[in-house]
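Here is the structure we will look at, set down as C-alpha cells.
Labels A, B, C and D are assigned to the chains in the order they are written; within every chain, residues are numbered from 1.
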Amino acid sequence: MTFPFDRDDPESAIAEMASRCSNWGRWGPDDVRGTLNHLDDAKRREAAASVRRGAVFSLAQAFDMNGPQKGWRRRTNPVHTMLDTGTDAAAGTQGFPHGIGGADDVVSMPLQCSTQWDGLGHIFDHGRAWNGRPSGEVVTSDGDLVTGIETVADGFTGRAVLLDAGRALGEDGELPDGFALTEQHLTEVIAQQGVQVGRGDIVLVRTGQLTRVRRDGWGDYAGGPAPGLSFTTAEWLQRTEIAAIATDTWGFEVRPNEFHDAFQPLHQIAIPHIGLFIGEMWDLDALAADCCADGRYDCFLTAAPIPVTGAVGAPVNPIAVK
Amino acid sequence: MTFPFDRDDPESAIAEMASRCSNWGRWGPDDVRGTLNHLDDAKRREAAASVRRGAVFSLAQAFDMNGPQKGWRRRTNPVHTMLDTGTDAAAGTQGFPHGIGGADDVVSMPLQCSTQWDGLGHIFDHGRAWNGRPSGEVVTSDGDLVTGIETVADGFTGRAVLLDAGRALGEDGELPDGFALTEQHLTEVIAQQGVQVGRGDIVLVRTGQLTRVRRDGWGDYAGGPAPGLSFTTAEWLQRTEIAAIATDTWGFEVRPNEFHDAFQPLHQIAIPHIGLFIGEMWDLDALAADCCADGRYDCFLTAAPIPVTGAVGAPVNPIAVK
Amino acid sequence: MTFPFDRDDPESAIAEMASRCSNWGRWGPDDVRGTLNHLDDAKRREAAASVRRGAVFSLAQAFDMNGPQKGWRRRTNPVHTMLDTGTDAAAGTQGFPHGIGGADDVVSMPLQCSTQWDGLGHIFDHGRAWNGRPSGEVVTSDGDLVTGIETVADGFTGRAVLLDAGRALGEDGELPDGFALTEQHLTEVIAQQGVQVGRGDIVLVRTGQLTRVRRDGWGDYAGGPAPGLSFTTAEWLQRTEIAAIATDTWGFEVRPNEFHDAFQPLHQIAIPHIGLFIGEMWDLDALAADCCADGRYDCFLTAAPIPVTGAVGAPVNPIAVK
Amino acid sequence: MTFPFDRDDPESAIAEMASRCSNWGRWGPDDVRGTLNHLDDAKRREAAASVRRGAVFSLAQAFDMNGPQKGWRRRTNPVHTMLDTGTDAAAGTQGFPHGIGGADDVVSMPLQCSTQWDGLGHIFDHGRAWNGRPSGEVVTSDGDLVTGIETVADGFTGRAVLLDAGRALGEDGELPDGFALTEQHLTEVIAQQGVQVGRGDIVLVRTGQLTRVRRDGWGDYAGGPAPGLSFTTAEWLQRTEIAAIATDTWGFEVRPNEFHDAFQPLHQIAIPHIGLFIGEMWDLDALAADCCADGRYDCFLTAAPIPVTGAVGAPVNPIAVK
C-alpha cells in the first residue's frame, strides 16, 4: 500500500486526519475520559468471563537504572534510594525499641520512564488539548488541571486483546525497526488469531522490539527506530471504538515517522483528537507466549495508573488474567 | 477481653508470638512470596466469578502535596513537577515540528507516602528478615536484593473481602482512634456481613479513620493515634492463611500500640515471621458504601505494585471490581 | 513616618515605584547581571583589603529536613538519601577490591528551600522580567533561558556590609514580626555602626528573626509574619547602587506586606525593575556577634550560587572573612 | 621512575602506605576537619594579600543534563525542573495579586554529579573511616553522622595554588589519559611556575583532561581513563600539609589505576588515613589561562560546599580571586 499523504507536508495530513477522526464534544464539553467512555460495566463483566484458568501476568518492565532512558528531555531512568536499610538494622543504628528494624525507600523518576500510560494532557495539536481545550489552560507548571491521570484512576480495567504482530507478521516473532503497521496488517493479525476487537476493548500490540533489545541491548530503544503503528491507522483507532491501546515500544507509532521532519504525528491525532489513551513500553512477551500456546488472545486486564494528581503520564503495572 | 501480655515487656510477647506464628521455611529456603503463596489460580477464578455488575472502584488515595506526610524519617508527600507544559506549548517555545506540543512530568516521592504495599523487606525482627534471612544480606543501600517488590509484581490479584469494621462496630461508621480490633471483633464483622474469609483471600479492613480525617483534617494521621488491628490478631492473620491485608490507616495496627514504649509490634510479627503483605492508606470508602448498599463484600481485586526494583514498599492503585 | 501609598491600591504604587527605580536598559539590551554590574575588580580589591584577622564565617543555614518549609507551592525541605553507606561497607556488601569502601549520596530539594539567592528570573511584573523581557520568553519549563543563575556564577564576591538592625533598633537584638525597615531605619543603623554603604557593596540585613525562631521553633518562618524591608526602600535600594542584599528572613521584605491583599510587592520592583539580587534565609548571627564585638561591620564575602543551568534561585553557602 | 609496589598486590601496598601517611589521632579523637586543620587565620590573611587585580573566576562546571554522568552507581546528571514558570506568569494562571508573577524550581541530583568536594565520610579502608572510626558508626542511611560536610562548612577558604601540569608537562596543554603524576612531576611543575606550596594551601591540579573532553565529547570522563595523581604521591600529599587538593578530572587519581584489579587506591589512603579533602571535576581552564598570562599561580580561593547535613560529598562553586 502506498502512503496516501505527502511525506513533506505532515501538517496538512494531520489537519485532514484530525477532521476525520475528531471525537471533540462527543461526550460533552466537560469530558476527561475520552475513549475510556467506551469501556463500561458490561465490558468488565465480559472481561471477567474471559478468565478461564486464573493465570496471571504482569506486563510491566522493571523500574530501575538498567532501563532505556538516556536523558532526552530530562527523562532519566528511575533513581531508587533507601531511607533505611537492613544493614543499618543489623548494625543496631536505628534507635527503635524491642528489636524491630525497618527499611524505607524513595524514588525519583519521570512518569514516562518505564511502563506507562500517556494521559490526555500529554500531547497537543497547535495548542489544543483533548476536547479542544487550550493547552495553556489545561497543563501548567501545576500539572494537568483538567485531565490529570487521577481523573481516570479507575478507568483501565476491562477486556484486553493481544495482537501479536511480531509473531503473525515478523520473522522469528519480531518486526524490524521501521515497520509501519497498517490497518491491513492489524486486520490480518486479528484474522490469524481468530479474535474479535471491538468497542471498549483495550488493544495490546506486540511488535517484538522489546524481545530484541533485551537480547541485543537497549541501543536507541528510547526514541530511535522502531516498529509501530502507521499514521494511517488513526481512523481504525477511532472507528473501532477501542478504549485504549498499548505497545511494547518506546513510542507506539513507527519510527522513523512516515513524514520527513516529523515527530510522532499519530500521537497528535490520537491523544488530542480521538482522546485515546496510549500505553508504552509494556512487556507483552510472557502473555504473548501464553496466548500463542493456548490460542486465546483475550484476557481480563487491570492497568491502573498511579494517580499522581495532575500527571500527564503515569507508571503502571498492568495485570492480565486469563 | 484483657490484653494477655505484659504491656511493659513487648520483647517477650513478640518472641512468644513469633514462635506461634512463624511461617519460616514453609515454602522452602528461597521463598520470596510469603503469604502470596496462598493465592493461586483457583482463587483468581473464584475472584473472577465474584464479578456480577462490572462496577469498578479505585482504592487509592491521591498522590500529591495535600497528603498526610509531615517529614518523619524523611517521608514527604509526593513532589510532582513538569518537564514540559501546555503553557509552553501554547507559547510556542518547545521547538517541535508541525504544531505538535507536549507535556512531560516527573515525581519524587517516598514509596510509602500514599496508598502502598509494605514489601517483605520493610520490617525486621532482631536483624532477621522474612524466612529468617539476615536483614543485612537482604536490604542494603542498593535496595532489597532478595525480596524486592518486583519479585511479586504479579502477586496481588485475587478475591478480596471488605471488612467494614467502622460500620459494623463504630458509631456513625467510624472506629475511634486507639480502638484495638481483636480476633473477636473481626469474627463479629464477618458474621454481621455474612461473608467468608479464607485461604488466599485479600482482606480489606475499613476503620473509618480516613473518612474522619478527610472531614476534620489530616492531623496526626501519619503516625498518630488510630484504630487498627490488635497485636493479638497475629495468630488469626497466620491461621486464616489470608494472602494479604490492607487498611485505611497509616499503620495498619492500633496506635498508640498496646505495649508501653513500643513501635509497631504487630508489624514485627506479620512481615518477617508470617511473611504477610500489608497495605496501608487505602481508600475503602466508596467500595464500602457500595458493599453496604448491595450487601456483597467480596470483589475481584487487582492491587499491582509499581515494580521498582529492590523496593521495600510500593505505591499502588488498587482496583476492585464487583 | 506615614506610609506614602494607598494601602488598597498596590498596583498603582508598584507602577509608580517601578517608574522611579527602573534600571531597564542601563547596561544594554542583553544584560543578565543587573546590579552585579556595580561590583567590579576595584571593589574586590577593597574587599580583600578589609580582611584583617582572617576569621571566617559560614552564613548558611543547614540544608536538611529540620528546616522551615511546609510544602507551600511544593517547597519541601531537602531530602538527602544515601546511595552507599558505611554500614554497607562494614558489612562487606559493596563488591569493591582491596578493602576499599565508599559512601555516596543524592539530594532532592527546591532551590529556594534554605539559604539562597533569588535569580533575576524569579519574579516578574505584569509578565515582564528583568530588563523588560517578556517572562514567557525567559523562563519556560526548560528553566531560565536568559538569566539563569549560571550566568552570574562568578558575580557574588566582594565587600559586604552587615547592617545589624536587630541589635541597633530592636529589643534584645531582635525586631518584632511586622516591623517595616524604612530608609530612615537603615540610615540610622549605618550611622550607629559607623560604616559606609556604597556602590557595589553587598548589604546583609540582620533582623534577628532567625535567632528568634531558632529559640522558639520555626512556626510560620516560611511565609508568615516577619520583620523586613519596607516597600518604600525601593528607591534606596536603587539609588545606593548596591550589588545585592540579603536578610535572615524567609522573604526579605516585611510581612504582612504593607498593602492589603498583596504579595511581596518590593520583590516586584527589586528583581524585574532594579535587577537586584536578593538573598534569603541567611544565617547572620555568628558574623553579627563578631561585628558587635570588634565594631567592624564590613567583610570579604564570597556567596557563590551552585550554578544549576537555568535556575531562578540557587542554594549558597556564603563565606565571610574579616 | 619504576613503580615501587607489586602491581598485583594493592592491599599490601595500601597497608604500607597507610602506615606511613596516617594522621589518625593527630588532632585528637574527636576531629572532623582533617587536613583543614592546617588552614588557619594566618593563611587566610596571606590569601587576602594575594589579591592584586581583583579578577574573579568561577571554577565550577555546569550543573545540568549535559554532564558526564551515565548512571554508574545511580549517579545521574542533575535533573532541574520548574515549579512555576514565566510562561505561566504570562498566561496569567498563577493566581497572584497586582500583576506579580514568579518562577520557582527544584533539583534532584547526586552530590557527586558535578564540581564537588569529597567529604571525609566518602571513602573507607577496611571498614575504617577518617581518624580510625568504624565506618558503620559514621555513615548510615541517615547520612554521615560524624563528619558530614556541614561540619566543615566554613573550612575551604584560603590560599590556593594552581599547578598547571597540563601546560608544564603535556603537549598542547594536556596530559594524556593514563598519565600518572608523581611527586617528581609535581615538583617540576612547582619549579617551572616559580610558586611555593606549603602548609595550609589548597592545591589545584590542572591536567587538561576537561579541556579535551569539552572539545571531543564526554566519552568516558566519568570513570574511564584519565591523567591523575599517582598512588605514590600519598606521602607528598601528607608531608606537605596541604589543606585540600582538587583536579579537573572525575577521579583525582590516575586511571586506569596503577594496580591490577584495583579501584581508586589513592583515595583509600588520602581520605580515611590522611584526612584529606579532594575536589573533583573542577573547571580550572579560565584560571589557568590567566595564570599563564600573568605568571602568578596563587589566588584567594573560597570553595564553600553546600552544607547538606550528613553529606559525604558536596556540590561547590569554587571562586578564585587574583
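By our rule, a residue touches a chain if its C-beta (ideal position, glycine included) is under 8 Å from a C-beta of that chain, and two chains touch if they have at least 3 such contacts.
Quantities reported herein were computed from a predicted structural model and do not represent experimental measurements.
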Touching both subunit B and subunit C (chains): A, D
Reference interface B-C: repeating pair among C-D, A-D or A-C with over half of contacts shared: A-D
Geometric centre distance via CA averages, subunit D-subunit B, whole Å: 45
Whole-Å gap between the CA centroids of subunit A and subunit B: 27
Subunit A: positions in contact with at least two other chains: 74, 79-85, 87-88, 90-91, 93, 106, 108, 136-137, 140-141
Chain-level touch network, classified as line, ring, star, complete or other: complete
List of subunit D residues in touch with subunit B within their complex: 79, 81-83, 85, 87-88, 90-91, 93, 106, 108, 141
List of subunit C residues in touch with subunit D within their complex: 10-11, 14, 40-45, 48-49, 51-58, 60, 62-64, 66, 73-75, 78, 80-87, 89-91, 96-112, 121-127, 129, 134-141, 143-144, 150, 153-154, 157, 259, 261-265, 267-268, 300, 302, 304-313, 315-319, 321
